[in-house]
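Below, each structure is written out as C-alpha cells.
The following pair of complexes shares a single chain, chain A, combined with chain B in the former and chain C in the latter.
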Partner chain A sequence: MTERVARAALSRLSEPGDTRLSTLVGTLGAAKVYALLRDEEDVAGVSTDVATRLRGLDPERELEAAGARGIRFICPGDAEWPGWLSDLDHAEPLQGRGGAPLGLWARGPLSLAEVCRSSAAVVGSRSATTYGTAVAADIAAYLANSGVGVVSGAAFGIDQAAHRGALATKGQTVAVLACGVDRPYPAAHKNLLDYIVDVGLVVSELPPGCSPTRLRFLSRNRVIAALTQGTVIVEAAVRSGALNTAGWALRLNRQVMGVPGPVTSAPSEGVHHLIRTRDASLVTRGEDVLELLSPVGSFLTPDARGPDRPRDALTEREQRVLDAVPLFRGASPGSIARTAGLAVPDVREVLTRMRGKSLVEGADDLWRLAGQ
Partner chain B sequence: MAVATARTISLQGATGYLIDVQVDLSQGVVKTAMVGRPDASISEARDRCRAAVTNSGFDWPATRRVTILLSPADLPKRGPHFDLAIAVATLSAAGKVPPGALAGVVFIGELTLDGRLRSVPGVLPMTMSASNRGIRCVVVPEPQADEAALVPGMTVLGVRSLAQVVAELNGQEIPVAPPVEPLASGPLLSWRGDERIADLDMRDVLGMADARYALEVAAAGGHHLMLSGPKGAGKTTLAERITSLLPDLTLEESLELSAIYSLAGCLPPDQTMITRPPFRAPHHSASRASLLGGGSGRVRPGEVSRAHTGTLFLDEFPLFNADIIEALRQPLESGEITIARGEESATFPARSMFVIACNPCPCGDYHPTNRDNRCTCAEVKRREYRRRISGPIADRIDITRHIEPVRPYEMFDPLGRPEPSAEVRRRVTAARLAQSQRYAGTAWRLNADVAGPALRKSWPLTDEADRHLTERVYSGELTRRGATRVHRLAWTVADLAGVGVPGMRELDVALRLRTGEPMSVATLETARAG
Partner chain C sequence: MTERVARAALSRLSEPGDTRLSTLVGTLGAAKVYALLRDEEDVAGVSTDVATRLRGLDPERELEAAGARGIRFICPGDAEWPGWLSDLDHAEPLQGRGGAPLGLWARGPLSLAEVCRSSAAVVGSRSATTYGTAVAADIAAYLANSGVGVVSGAAFGIDQAAHRGALATKGQTVAVLACGVDRPYPAAHKNLLDYIVDVGLVVSELPPGCSPTRLRFLSRNRVIAALTQGTVIVEAAVRSGALNTAGWALRLNRQVMGVPGPVTSAPSEGVHHLIRTRDASLVTRGEDVLELLSPVGSFLTPDARGPDRPRDALTEREQRVLDAVPLFRGASPGSIARTAGLAVPDVREVLTRMRGKSLVEGADDLWRLAGQ
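Now for the complex of A and B:
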C-alpha cells in the first residue's frame, strides 16, 4: 500500500486535527500506521476509536471514485502540496486539535501550492454588516488583483464577500470547507461553491460525503491559517470562529491583521480586542495587507498625507508676518510690524521676499494677501 | 311664486360644499342681481347664462327682476361650473322646468354663449362630495360622465347642451347637439415621460444592498426616506425605481388620487382612473404654489398632493427654498397640506412617500467614509449646505441611507444577480396586505400613517424591545417622535419578514434604518429568501 492511499484511508478513519495520528504518521509513516490499525493493534489509543470506521473501508476504490468525480487527494510529496502546512506540527495544539493535515481533498483547476505560495486569508463574522462585507470584498479584490490568492471558508457574511471580491477581479480564491468538498455547505452558497470549483479551488481535510460539525469548523480554521501568509479579520464578534483562525495564525507566526469598524458595532468588537492587545495589525485596505505580507521593504504603502501648501515651507517669522497681512484693504509695513510684533525693516524684507513667492501683493506702503 | 332652487357643489381644496342656487323672478327694476359672495368667474356667469338660455331657444326673463342667490352666503365661491345650475334654476323659476325635477340633482358645468356645455376641472371630487351629502344624481358635461361614474351608487347624466338638460328634466326627447371637448388635451409631443418610469427595474441596479433594502421597507410601509451620497452614486437611479416596487392602487386610493388629478385639471383625457401610484419629481426651482398648492384664483393641489398614495422625489433637497422646506413639515408629519390665504383655507391630502436626495456637499464629491473623495468644498460650505436640512425635517424622515458609489468588485461580481422589481413587489404587496388587515376599520392604511398613541396602545412591540426603545429615548439618542417612527419601522420590518409582533431583531433593523448604520447582511439575505 502506498503512502498516499494510506493517508487517504487515515483521513477517512480519523477526525481532522487529531494530534496523535499526525505524530504517529510523522514517525512511522502513514502506510505503517494504517497497517497497524487494520490489524487491530492498538497504537496510542487510536484503534479503539476508529474500529467502527474500519469496517468496509476500501481506500483505493474511494480514491478512484473521487477521481471520477473530479476530486483529487493532495498529500505530502505531491507537487501541489503546500510544504508550509508542516508548521502545524510544530505549533502548540489549540483546544485539543493541531498537527498538519494528513492530506487535503480538492476540487478545482488551480494548484493548491501555487495559489497559496502568496496568499492571505480573509475571514470574519457570519453575522456581518454591509460595512464589513464591502470592506472584505474590497480588500479581497485588491489582493486577488495583485496576484495574492484569497483563502476563506465560504461561510455567510465576510467569507462569501471575500470569495466574491476575488472572483470579481478574476483572481484566485480557495474555499476551505469543514465538510466533504462534494457537499455544498451552507446550502445557500451552492452557486458560489460551484463557481469556485470551476475557476478556483475547494479543499477540505475531510473525505467526500462528510458532514460539517462544530469541531470540524475549529479544525478547518487551523488549515486556513496555515495555508496562508497572513489572516485578515473583518468583523468578528467576541465569540467568533474568525478569532479562532486568528489564534492559529498567531501560533504559526503568520501575520494577523484586523480591519476596525465603528467602535459601537458589536460585530467589530472581537477585531478591536485583537488590535488592542497588539495581536493584530490594523489594516484598512488592500495595500496595507500587501505591505505586511510582502518581504520587508519590498512593498511600502505611502503614508497618508494632505497636499502640500505654499505656507508649509515658511519660517516662523515669515508666518508671523503673513498672519498680520490683511485680506483685502492694504496695510503699511508699520502697521503690519505692530500686529506681528516685529521690526519694520524685517517686515519690509520678509514682505518683499513673500511677494516673490506670490503670497502677498503690494508696493512700498500698502500690502495685502495675494489672490483675494 | 316664481322661485326655484338648483344645486351644485363648491370646492375648497378637497372639501366640497353643497350650494343652493336660488333664483327669484319678481316685479321691480329690470336687473339681474347675483348675491352670495360670487367671485369674478361666477359674476360673469350672469352674462354667459343669459346668452346661453336665449341661444338655446328659451326666453330669459328680461322684463323682471332676477335675483340669483348662492347660499350658504358666507362661503366664498369660485369657478365657472355654477353656470348650469344658475341657468336651470332660472328656467325653472320661469316655469320652463318643473321644480320637482331639480330636487336631489346636482348640476355641474360651464355654459358657452350658444348654450353648449364645457368641461370643468374637479368633477370627480365634486361628485364624491355630492355623494357624501346624499345626492344620488349628477348632471355633468358628457366627456366627464365616466369620471363622475366612478363614484359608487351615483346616477350620472352626461349632457352636451343646456337644451338637452331641459329636455331631460321635462322628460322630453333629447335634442341633438355637437359633442363637447374634453378638458385636458392630449400630449403635444409623445416623449417618453411617464412611461420611462414604468420601464425602470431594480434588476438593472448593481450593488447597494443596503439602499435596496431601505427602498423595500419604505415602499412596504410608506416611510419617508433620505438618500445621501456623492454625485453619480445612484440616488436618482434608486429613487426612480421605487414605483416599480409598489402594487397597484386600491380602489379607495385610486379614487382619492383621481379626485386630486381632477382638481388639478390634469386627469388624462383617455383615462378617468389613475391606477398606478404616482411618481412626482419637482425640480428645486419649483415655485411654492406649484409644489405645495395654491395659485391665483382657485386653489389648486400642488405636487405634494399629486404624489398622494405614491412617491414625491425631491432631488437636491438642500437647494429647495428654505421656506418651502419648512412648509413640508406638515405633509411629512400629517399627510395633508393646508393652504391658507385671506379668508379661505383649503386642505388637500398629501400622504405620499417622501424620497429626499441630497449630496454631501455643494460640489457633490465629499465622502466621509471614503478616502478617495475629491471634494473641493471648504468645511464651512459643507456645514452651511447640510444645515439647510433642518433638524425638525430630518427628525421626520424615517429612513436614512448613505449611498456609496458602486465598487468595482460589485460591477464584475460573477455571482451578483440583482433582484428584479417584481420579486420585491411581491413581498411589498404581502406586507401591505398584512397592514390593511391589521388597520381594517381605522383611518390608516400603512404603518407610516398610524398615530403614535394608538400604535403604542394597540400594536406595541414585545416587552423587551419596548424597554430597549424607551432606554434610547431616556439616553437622548432618540426623540419621542423618533421613537414612534422607529416603532412604525419595526412593524414594517416585521410585516416584510412575516413576524407577528416586532421584537428585538426587528427593532435593531429599524434603528439601523433610522440612524443610517450599516445593515446586517443576514437581514438582507433573509429578506431575499423570504
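Now for the complex of A and C:
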C-alpha cells in the first residue's frame, strides 16, 4: 500500500489534530502505521473497533470515487503540498489539537502550494458588524489584487466577507472547512462555496461526507494559520474562535495582525486584547498587512499623511515668523521678532509677504494669525 | 536677587522651550544669568534689546501683582515643584524646543507636585468625534476616581472632554496652557477654565498676559508629557499636535498609550500609527491605563470575558462528548464515541444527561447539537 493511500485511509479513521497519530506517522510512515493498526492483536479488547473499521475501509476505491467527483487528496510528496505545514509538527498542541495534517482533501482548480506560498488568513467573528465586514472585504481585495492568496473558513461574517473581497478582484482564495469538502457548511454559503470550487480552492482534513464538530473547528483553525504567512483578525469577541486561529499563528511564528475598532464595540474586544498584549500588530488596511508579510525592506507602507497646508510651502524663516505670531490679539513686529529670534526688519518683510498669502492679518504694528 | 525672582524675570524675557537659556540657567543659576544678560556690553549691537528689556522689568513687583490676583510662580526648590520635570534637561529637543521650564505660573488650590505625582495626560484632537470625546471623558473619570490626576491642554475636543470627565467625579485635573494663566484660551472655555481655577490647577510657563503662538503650543506639549507618568492619546489625525505630546512622552520614557477607533475614521489615524509602530500601547479603558501606570504587578486589569456559557459548567468528559457531536445531521453514539475517544456506554449516558440540559438533541441512534 502506498503512503498516499495509507494517509487517505488514516484520515478517514482518525480525528484531525490527533498528535498521537501524526507523531506515529512521522516516525514510522503511514503505510506501516496502517498495517500495524489493521493487524493488531486485540489484547485488551479495545482495539477491535479500530482494526475492524480499518479492515472495512477500501481507501483506493474511496480515492477513485472522490476523484470522479472532482475531489483530490493532497499529501506530502505532492507538488502542491505546502511543505511548511510540517511546522505544525514542531509546535506545542493548543487545546489538545496539533500536528501536521495527514493530507488535505481538495476541490478547485488552484494549486494549494502555489496559492499559499504568498497568502494571508483573514478571519474573524461570525457575528460581525457592517464595519467589520466592510474592512475585511477591503483588506482581502487589496491582498488578492496584490497577488496574496486569501485563506479563510467560509463562516458567516468576517470569513465570508474575506472570500468575497478576494473574489471581487478575481483574486485567489482558499476556504478551509471543518467538514468534508462536499458538504456546504454553513448551508447558506452553498453558492459561495460552489463559486470557490469553480475558481479557487476548498480544502479540508476531513474526508468527503464528514460533518463538522466543535473539535473539528479547532483543528481546522490550525490549518488556516499554518497554510499562511500571517493571520489578520478583523473582529473577534472575547471568546471568538478566531482567537484560536491567532493562537496558532503565534505558535507557528506567523504574523498575527489585528484590525482595531471602536472600544465600545464588543466584536472588537478580542482584537484589542491581542494588540494590547502585543501578540498582534495593529493593521488598518491591506498595505499594512502586505508590509508585515513582505521581506523586511521590500514593501514599506507610505505613512498616511494629512492634506498639504499652506505652511508646508514656506521657507524655514517664514515658518519661524509664523510660529511666533499670536493666535489672537495682535503683536508688534518687535515682539514677534523677539519670539522668533530674528531681526525686526526681516520680520516686517516676511509678515507683509505672508499677508499676501492670507496666512497673517494686520498692519504696521499689530499682527495676528489669519482666520482664527 | 533670589533665584525665584530671577527665574520669574527670565520667564518673561525668553520663549518657553529655549534650550540655550535652560542650559545656561542649569549651569550658572538663574540669578547669575540674569545679571550677565542685564549687564552685558553691547558689542555687536544685537544684545541691546535683551539688556534694555531686562532693565525695564521689575520681577519682584510682577510676582507681587500676580500674587494679588491669585497667581503664584512655582519653581525648583518649592515644595510643589515636580522634580521630575528636570527629565526634560536630559532629553533630546523635539522640533527645536526642549529643556525644563524655568518655572510654572499657576492658579488654583491644588499642589502641582501632589496632583502630578500620580497623573496621566489625556490629550487628542481638537476636531474630535462624539465617540472620541465620550471615551476620553470615561477614561479621565475612571482615572480621576482612582486618584490619578488628569492633565490636559484645555483645547476643544478631547482635551476639554478629559477635564470634564475628571471634574465630573470630583477628581483632580490640571490644565496646562500655551498662554498666560489669566488668559482664557480658547475663549469658549472661559467657564471651564474658571472652574478648574476654583477646584484644580491651571498652569503655564508663560507669565500672565502672554498670548498663545504655535511655538508655545509645541513648548506646552512637552510640559504636559513631562508632568505625568503617561500620555493617553484618544484621537489624533495624522498631523495632530497630540502626536507632538506623544513624541515628548516617548523621549521622556513615559508611557504612551493610544485609544483605537474605526480604521475608517480620520481622527483615529494618528493613534493607529503610534500603535502600529509600537510607540504606543493600545488601551481601551481606564483600567488599562492604570495597569500601565502602576508598578509592575500592583494593578492587573482583569481580562474582559464573554458571558458564561452552558458548556463552561460541564465536566471534561461531557465537553469531550459535546465537542464530538455533529452540528447538523445526527451521528450514532458509536461514531461520537470514536471521535471523542470514549467508550460507547459512557457516551450514551453523557448524551442522555446533556439532552436534559438542552445541549444536544436526538434519541437512541442519531444525535446532534441542539439549536443549530
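Keep in mind that, in the parts below, the second predicted complex is superposed on the first by the 293 of 372 C-alpha atoms of A that agree within 3 Å, B and C clash if a C-alpha of one lies under 4 Å from a C-alpha of the other, contacts with A are read in each partner's own complex, and residues count from 1 in each chain.
One rule holds in what follows: a contact is a pair of C-beta atoms (placed from the backbone, for glycine too) under 8 Å apart; a residue touches a chain by one contact, two chains touch by 3 or more.
Predicted model, so just to flag it, every value in this text is computed and none were measured.
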Partner chain(s) touched by A:D39 [first = chain B, second = chain C, both, neither]: neither
Partner chain in contact with A:A128 - chain B first, chain C second, else both or neither: first
Partner chain(s) touched by A:L192 [first = chain B, second = chain C, both, neither]: first
Which of chain B and chain C A:D308 touches, first, second, both or neither: neither
Contacts of A:E316 with chain B and chain C, given as first, second, both or neither: neither
First, second, both or neither for A:P262, with chain B first and chain C second: both
Partner contacting more residues of chain A (chain B vs chain C): C
Which of chain B and chain C A:I275 touches, first, second, both or neither: second
Chain C-contacting residues of chain A that also contact chain B: 131, 134, 262, 304
Contact footprint of chain A on chain B as seen in their complex: 209-210, 371, 404, 407-416, 517-522, 524-525, 529
Chain C residues touching chain A - in the complex, by the definition given at the top: 15, 49, 53, 131, 134-135, 185, 187, 211-215, 218, 237-239, 259-264, 268-269, 272-273, 275-276, 278, 281-285, 288, 303-306, 309, 322-329, 331, 338-339, 341
Chain A to chain B touching residues, read off their complex: 126-134, 137-138, 140-141, 156-157, 161, 164-165, 167-170, 188, 191-192, 195, 262, 265, 267, 304
